[in-house]
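Here the structure is laid out as structure tokens; the discussion comes afterwards.
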Amino acid sequence: MDKAALAVFLRADFAQVADDFVVERADEAGVTLRLVAGERHLRPGGTVSGPALFALADVAMYLAILARVGPVALAVTTNCSIDFMRKPEAGRDLLAEARVLKLGRVLAVGDVLVFSQGRPEPVARAGLTYSLPPR
Amino acid sequence: MDKAALAVFLRADFAQVADDFVVERADEAGVTLRLVAGERHLRPGGTVSGPALFALADVAMYLAILARVGPVALAVTTNCSIDFMRKPEAGRDLLAEARVLKLGRVLAVGDVLVFSQGRPEPVARAGLTYSLPPR
Amino acid sequence: MDKAALAVFLRADFAQVADDFVVERADEAGVTLRLVAGERHLRPGGTVSGPALFALADVAMYLAILARVGPVALAVTTNCSIDFMRKPEAGRDLLAEARVLKLGRVLAVGDVLVFSQGRPEPVARAGLTYSLPPR
Amino acid sequence: MDKAALAVFLRADFAQVADDFVVERADEAGVTLRLVAGERHLRPGGTVSGPALFALADVAMYLAILARVGPVALAVTTNCSIDFMRKPEAGRDLLAEARVLKLGRVLAVGDVLVFSQGRPEPVARAGLTYSLPPR
């Protein structure tokens, strides 16, 4: 699936949050997903909350898997280990770079780095595992 | 801090999400926190979403630390490793049981089990680390 | 499998390390495994090394799964998230308490607490996922 | 610290395991560490064991931190989340690529990819956190 196909899938499958995200890049190497930082993602002080960062990493990895296997609505996250390393900067969107490291028969594994747009140092790092439906 | 004090703190410090949560229990052993499952926590099919489960575990551990150290608004999550084990049941609140395993000078570590109310088998399990401000 | 059966399995399947471990307890609730702390597990200062703690948690969970499903030599660890919370005390064996939280068709998930013998506060905490062979 | 300095430090601080490892590369971007696969790292079937992979990732990250901050003998691992993705190939050394993602006042965070030498697909992936002594 390419950028446009993923955007359509996101809108169909994650209707409640689709407006939060923009697929910036999608290829064999992975996916870049933007979180359009809005009021509802913020903690006091104006930084993006932990759950919003988690959601960004989770959706980015999901789309990176779909980019490789095609539309598989039933893939589910089984594990996520996330390190919160720096406070996201207030007033900036976040960009998640997701890559698939393993695409097995029943499990897919990958990792994600999250950046405040325009900043070189990562805000968060996550490793995620998805369980894949029988194909 | 006891149950009532934690509820006040939650409302002051997490104003945007305080309505989602009810502190059911708070003592030296830990905290039980309820997620009042609402429309905005759901995924298609009526189950609670991964980010909502993450938020529940994260807030439950935060409150369990506060119950031990008192109001420390600057404690921040540095790591969370979460296993999603079963689909939460549609139409049921979720209960998170959080316990503090270590309360050090700079780090606090604990774990959380999440259950669909009235069900014996856990929906999710998380280990979390918080960085504590200098005291 | 009970305590005696697990001990036999351990010796057959983990011959190189079987002398390090003693199965102290095995039932539906889980397994208690002892690491007989020897010279080769130690770091300077006399504390048990991180890899030895990891091995203890990993083998304890493996045996806890076997106690439930019977001898399944091909179960493999797919994820381990481990928190090292306190230095193990020099000159004491370590005890790992492992419990299975989910036993699915393709994945088993559980957690482990590790204690220095006779001490109430945990040395380490781990969550582990195993991939199970088709049955 | 450069490659030679790290090798000296490794021998002094990890005497029991120093023979297992060779520092292949060390610069600002990170460290490449080789595990010289020997009999004692193997599981039945000839593949490197989980604890040996954990030890490789752990030491590689430790050296990557030292490469940045200089000899700090008291840095300790506080968390490791490791995904085992493929069986290491029998008869091949393993190479760990470690990079530091955050070097804070009290915590350092990084990640590691492990490869069977000469193979493009990673065997394991780990995220690690170290607690740093006061400087």
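Per-chain numbering from 1; labels A, B, C and D assigned in written order.
One rule holds in what follows: a residue touches a chain if its C-beta (ideal position, glycine included) is under 8 Å from a C-beta of that chain, and two chains touch if they have at least 3 such contacts.
Here the structure is a predicted model, which means the values were calculated and not measured.
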Give me the set of chains touching chain A intersected with the set touching chain B. C, D
Where the centre means the average of the CA atoms, what chain is farthest from chain C? A
For the pairs C-D and B-C, output the one whose chains share more C-beta pairs in contact. C-D
With centres defined as the mean C-alpha position, give me the chain A-chain C separation in Å. 33
Gap in Å, rounded to a whole number, between the CA centres of chain D and chain C: 23
Between chain B and chain C, what is the gap in Å from one C-alpha centre to the other? 27
Touching two or more other chains in chain B are residues 78-79, 81, 83, 85, 129
The chain C residues in contact with chain D across the complex are 13, 15-16, 40, 42, 44, 49-52, 54-55, 58, 76-85
Note which residues of chain B are touching chain C in the complex, please. 81, 83, 85-86, 101-102, 104, 109, 111, 113, 121-122, 125, 127, 129
Contacting residues of chain B [partner chain D, same complex]: 78-79, 81, 106-107, 129, 131
